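Heads up, there are several structures right after this.
Heads up, the next two complexes both have chain A, just with different partners, chain B and then chain C.
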Partner chain A sequence: MTPIPFHAGDAMRPLTPSLLLLLTACDPFANWPDTDHLSTDRALWDDDVVAAADGMYVMLPRAGELVRVQDDGSYEVVDLDGLQPSRIEPDPTGQRVVVFGTWPSCDDDDPKIRHVSECPYDELQWNPELAIVEDGKRIGAAEMPSHMNDIVFSPDGRVAVAFHNEDKGAITETQGIVDLTQVIFIPLDTGEATSVSIGFNPSDILFTDDGSAAVVMSRSQVVVVDLDTFTKTTAYPLTLDPDQSVEPADAVLTPDGDYALVAIEGASELYVLDLANPSITIETLESPPADLAVYQDPNDDSDPGVTLVVYSDRASFDMLANDNAFNLEDSIELDDPVTRILEGDDFALLYNDSGRSLYDVYRYDFAAGDLVEYVVDNPVESMQLSESGEWAVGVLTPEPGAGTGIDSYQDANWGLAVLDMSSDEAISLVVEAEPVGVELVENEDGAFALVLMDGVDQLYTVNLAQPGAATALDLPAPPTGIGTLPDGRFYITHQSSLGLISFLDPATGDLTEASGFATPSLFTDDTLPRRGEENQ
Partner chain B sequence: MRNTPLLILLPTLGALGCADSYSLAGEDKGAYADTGWGGGAAAGDEGYDGDASDTGYDDGYGSEDESAFLKLSPAATDAYVFVANPDRNTVTRIAVGSLAVDTTTVGSDPTIALTSPDYRRAVTFNAGSDDVSVIDADTLEVSTVEVRENYNQMVMSPDGAWVVCYHDSRVEDDGSGSSSSTGTVSYNEFSLVNIETLEHVPMVGGKNPHGVKFTADGSTALVVADDYLSVVDLTAEPPTIERVPLTDDLLDPPEAEEVVVDPDGNYAIVRQYAATVLRAVDLHDFEVSDLDVGDNPTDLDVTPDGRHAVAVARGSGELWVYDLDDLAAEPQVIEMPTGEVFGSIVLSPDDTKGLLYSTQTGQSRYASWDRATDEITVRSLVKPVDTVAVSPTGGTALVFHPKDDGEDVDPDSPFAGSYALTLIDLADFFSNPLKLPAEPIAFDSTEDGENGIFIMDGEPYLVELDYSSLLYEEVELKSEPVYIGVLPDTRVAYASQDHPLGRISFYDIDTQELQTITGFELNSGIDQ
Partner chain C sequence: MTSILGIALLSAFAHAGGLSEISVQMGRFGAPDDNWSSTFSDSSGVPGQGLRVAWRLGDGPDANPRGLEIVADWDHEVRGAQLDIGSDAGWGDDYADTSVLYTKFVGNRFALGPRLSYRVGDWFVPYATAQLAAWQSRIAIDEDIEDDENPNQVAIGSLTGAGVVAVGFDVRPITIGERARVGSHLELGYGYALPMRYTADNGGKGLDIGSLDFRGLTVNWGVGIRL
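Up next is the complex of A and B:
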């Protein structure tokens, strides 16, 4: 339990209309703390915020609320009709936010029961729901099975698909009957959800570029779903032996959407699913692939392109021709294995993020067929490309004891690698602490990396052309994360009990703040929502 | 039968226009999953010192082994290759040009698959469900015709109108299919199926049917058993049967091993083991007459031009040549070199040469027979003979050797204790013997006679043979091959391989490019 000093002044600054509204909408004194200290075992706000076109959306776990925060510091509570959010996701357009959560209901219809605390324990239900929020308003909602914990969107943002993602957490509670083959399709315009039984443990969902179909990977099966009718059009088996389980590990679609390439966990087989004329073939690779990516000539829409395959145990990468044969077009030898592919417009950046002491990063130019090798000083944790593709910046992990002398200093610390895509130059910087956020920005002044570090109250701006010339901007509090806004600005979340988000305009360097938006968490309201709708 | 997971359907010609001679045991079965070495000819009484009786003579070596796989014709469709998978009860069609794959479900345990000579249909015999699946080659639509139980063989008439299913007792029963049933069983029945009308006509023939032959025009089917030759008129509506007794020995009839039909469909000639005559059956009046043939004829072939039948009388060391246009004429008898024992013959496609050998004597030798001069020249080999084949144009002979050595094999020979293959240039009989790491299980040649291919048991590659240079090349495959062939009118070889989800490779002999398709069996599970 974290004691949070409570002072009336704190609550009043900034006291927004929403807070007044909150006070007037309920008994303002029912939940008013009666001491000068408030202890809680739940955070007042979740710094895993979502940036939408109309503002920042922030979950308030203790209050079970969602607030929308503006860069001018104002904020308002979003009425979710009692839904207590557990997860929020923006749609691809940035216009809507999808909210996972639950709302309480009491099966005891005694009219005297008006609050959660009054409901007998065995009569209290928590109903999973997905709400669609636009412009600060709940515009739709759909019942959701309790085990759904992840969501993806069609490229046009028209349809959201909810499913249970094992990587996002185990199922901790079973309510009623749980169907682990279930995937929920939700058109965001209507919120009318359609449940489709896909296959056991759906693990990945791809969408055709035209948004007409979803390709859903599950155990031993891949299913294509029409996104207009939400019906299964084709189911592809990955095995014919019911006793055998085949788990998809990764998948990509060819640019024309005619083929899905599915890698299998722990196997060298790459399943090629013909989506246009349903059939299956299997390409046998040299090893289980670590990553797949599809490259298409950006200047030729008719180019079928190639599929790149990298392996964690082989110092090479393969290119498969994306024609109907998927023949091995080329196999390029490397000095070290790579496990990740970053796609540029006309090149691919390959690196190893397995944590092994491997330092090579490769850039493969598709047009020229050239391979450029970069060497960084520490293992790579992550890598990103600037929008122009001219720069790559990677976070390097420490590896204590790996070197001696000055090398040991570098090895013992986190680092930042700056790679010039127009040459073979790579510079490895040492940073003060673990980067908690890196964003790249390019403007008329050049290309820069905005770096936040754990526990460091400063935002560092690294000039990628001159990495040694970094500038620091003081932050109001230690940062916890950074992200981009739809308008090109950046937001930074901070360690702050009552909520603090900074907004950075990279063009001007101006930094504004919004704070105190977690104040509504100080006031909890356990009124049972939607009373009378429990059995509907 | 070798139980292999994949079965290639060979679109056979079935067009045995010139009356071909086939061992009833090693008959052209089309594509069998178990085309193993040694077509399963009934073994004779090995070690027997020869036994002359009133009706025959057994020289004691046993029946010659005429391996089935060497008889397999190249695939006869230029559009599709059909792969039947008994484990999945499916047939997969692969388009030759595009390699597009489609799969359809047939009956249970399809063990034999054939295609009609007009390429319009594929037919499978489904041992597990006792039925025949007739598949439209273009649409893959399947029609099923139930047949009688307990069959294990199927052949197709030359015109592709009929298939005949029967039980061949010399085929090993692997326990699958209805042949292992415990109910009422008949081993003498056979079923006719018209693949156009899907009509089924069951019949009863003689004891232990060993094979089925057709006249060249497909009007008549001949079902040969030990005691009877059943002559079936396929033009009658419904088909009629005439059972012709082949022997007077009602208690222990000699085993009928081979039958040939003359090109005009007038006669069927039956060779029986340990006999001294051939039984000639007039297919019009069903009269049976005897043809003298020396002692213990062990092979009977028809010359490529269809004009003569050649019998090898192993017991008396003679070749007997009959004029099929006039069976009453005195046959030509050619003495083989004294002391030599040959029991089998292979004739070159141009009918200029014959190769004589024996699979039973263990002798590392063969003989060439010059058809023009009748000169027989004995030549040595590195090992005994398992089987002999000739390339389609007759330029090269292939002699496959067993692993076992004969008494005349030097223990220090590099070929001792190994399988081997000898390539022989039939122009001058120059040879190149090859030591093999395993037993060859399938073989085929390009139609132009320039190349051959074969695969070996447990070896994950195919071997390409150049008939001109007598050289070989190994082509690595992703898994062990189980069947091989050459696509018709192409120089592309295909090899089906052992893979739970199906795998087939296509090898272009000219470009040496190998393309492999894996997983096509999954197509049977696609749900649309």
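Up next is the complex of A and C:
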């Protein structure tokens, strides 16, 4: 049979190689097809990231993975041996990261079952675990009861302590046996967890400065745990009546570590626990404390210092001398109540963050005993001090309808308060949108606030000496948060489906980006990990 | 793009001797992979369109009802989705509600293999075929398809191998000129592709981010000229 001539082919023959080249080079981001509409409940990445010395750690909820992102834009998936992370925390040294999560196992031994989706529902288990990650590698792991949702670290980063913190979420699922008195101590070098029953609903944990002991608050009881042996050394009952429950609300340790001062929820009593010679003294205050803080002379390590107490319902604050007697000194009167204490080297900054229409911020100088009052224009949501203590910057919340004319404009908007500790001046700025992050920088050029706002793709740098002279730096996308890196730079997370973090060098203003690190979330793998190892 | 590649393919094949078929076709390759159905398409298959050419080996159909041919297929696949990111996106409901990604899969599957047929009567030709294929693809992900400058545009290519066995039939009811006929084929089969792995360009270091698995029922229907 003779094939029919095909003259069009002759005409195209010289063009064919160039056409094929053209095909491979075409823009992959053009000509999007008529699309299907899909949805996913789980985010590709979680912008609650952790900055460690070796990079940024980011959870990928959809993929159930953890990635480490570098400032050069590269990233790698951290092998957690099947653990799907739900929470990450850095240790105080920044060298290690602990990862809460669960990993799936199937009780059905059928070797044909290799994926989560193939395991009968009744046979599928999700096993809680805490993994320790260093330099992008899982160096240890500890079994973890499923209700554990918070972790704190000893000051030297040697020991992590996991417990259930009711403030961080209620228990939604009971797996096996739940011990609500349980606290788990994990030496990060070995990962060998030790469980200690403390008291019902552990709520707060303090550490002595030398890292030798932890003081654990729980309902009606405070327990001291030795951090070398992980044994209870002393238990302090907060009530002698078993029918009465006493909930610790706040606690501080004295600088020498010999005393713990414990405030009680809704009560005016302040419990002074003698940790060196176990005993309890109760100081009666005028009202339930809203916040406690300890001050020590920065130039005198032997100074026992004083403990400050502020109240949400009293326009005054109290001080107790941290000597053996813990006597209350005369109250210092204020115009408005305060609920928070910020500690400077030689002063305390007192403000009210309760949301009430209160505008006073106070600085109390311990050495001179002076009280300075600042007035800001809107209620304070949060406040922070610069490293030198020379500046304080607060975020002010709007209170619509609170004023008239130009006052109503200021009242109706979010704001920023700049407090100069040397001139005692306070300036309230109006900002475009709700701040999602404020960080303070001090260098040879001065002191600056880096301000990020919701939905605004610019970073504003406010010169605190001249607050009206703010400069703006374009961001690649609206920000969601800002934090510091161990080397002093800043990271900024952004609204981005596929992952976007900027790295800012405050000295040069250089901004670099890492993006696309949530790409592995597009591909999920439900292979059962550790198959055959579950019962070993 | 489809027409350009099709013309190029025709240009190359039409000059070979023994040409017995030129068809345009459309079909589907099974895709039971959750990663496919949750990210690129809500269907369980990859639809495609392309070309088929065949060369006869041995006698022509008039001389012998049995026929052996070499069949070459090119199928071009484009599929995409708008992926809405859900309510636990981590930065609040306002943004989560508007958070989307656009995904696109573009594939080119080149298959080659023998086709054994047996003519029944004048125009009905059942056949069986087995083909090996090279399957090239590229996925593209874009946060904002209106903004070419956005930092999250990711494109990753992949190449894998595949095989198909199928049975079908060809009907050739209309004669054109002395020998040419207009025909149409319909075939069903099973296809299996090796995992299509994607390696992201990751600051100069490749990172294997996952794979798509294509296998299962294949369907092809086409119309063209038989010689």
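In this text, the second predicted complex is superposed on the first by the 496 of 536 C-alpha atoms of A that agree within 3 Å, B and C clash if a C-alpha of one lies under 4 Å from a C-alpha of the other, contacts with A are read in each partner's own complex, and residues count from 1 in each chain.
Note that in this section a residue touches a chain if its C-beta (ideal position, glycine included) is under 8 Å from a C-beta of that chain, and two chains touch if they have at least 3 such contacts.
Note that the structure is a prediction, hence the values are computed from the model and not measured.
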{"item": "Partner chain in contact with A:Gln495 - chain B first, chain C second, else both or neither", "value": "second"}
{"item": "Partner chain in contact with A:Tyr75 - chain B first, chain C second, else both or neither", "value": "second"}
{"item": "Which superposed partner A:Ser331 touches (first chain B, second chain C, both, neither)", "value": "neither"}
{"item": "Which superposed partner A:Thr471 touches (first chain B, second chain C, both, neither)", "value": "neither"}
{"item": "Dominant toucher of chain A (residue count), chain B or chain C", "value": "C"}
{"item": "Contacts of A:Asn443 with chain B and chain C, given as first, second, both or neither", "value": "neither"}
{"item": "Touching partner for A:Thr190 - first (chain B), second (chain C), both, neither", "value": "neither"}
{"item": "Touching partner for A:Asp47 - first (chain B), second (chain C), both, neither", "value": "second"}
{"item": "Complex contact set, residues of chain A against chain C", "value": "1, 3-4, 6, 8-10, 12-13, 15-16, 19-20, 22-23, 26, 28-29, 31-48, 61, 70, 72-77, 117, 476-478, 480, 493, 495-500, 513, 515-516, 519-520, 522-526"}
{"item": "Sites on chain C touched by chain A in the complex", "value": "1, 4-5, 7-8, 10-12, 14-15, 17-20, 34-35, 38-43, 56, 60, 78-91, 95-96, 99-104, 106, 138-143, 145, 148, 150-155, 179-180, 198, 200, 202-205, 207, 209-212, 227"}
{"item": "Touching residues on chain B, where the partner in the complex is chain A", "value": "88, 98-102, 478, 500-501, 515-528"}
{"item": "List of chain A residues in touch with chain B within their complex", "value": "232-241, 269, 271, 277-284, 324-325, 327"}
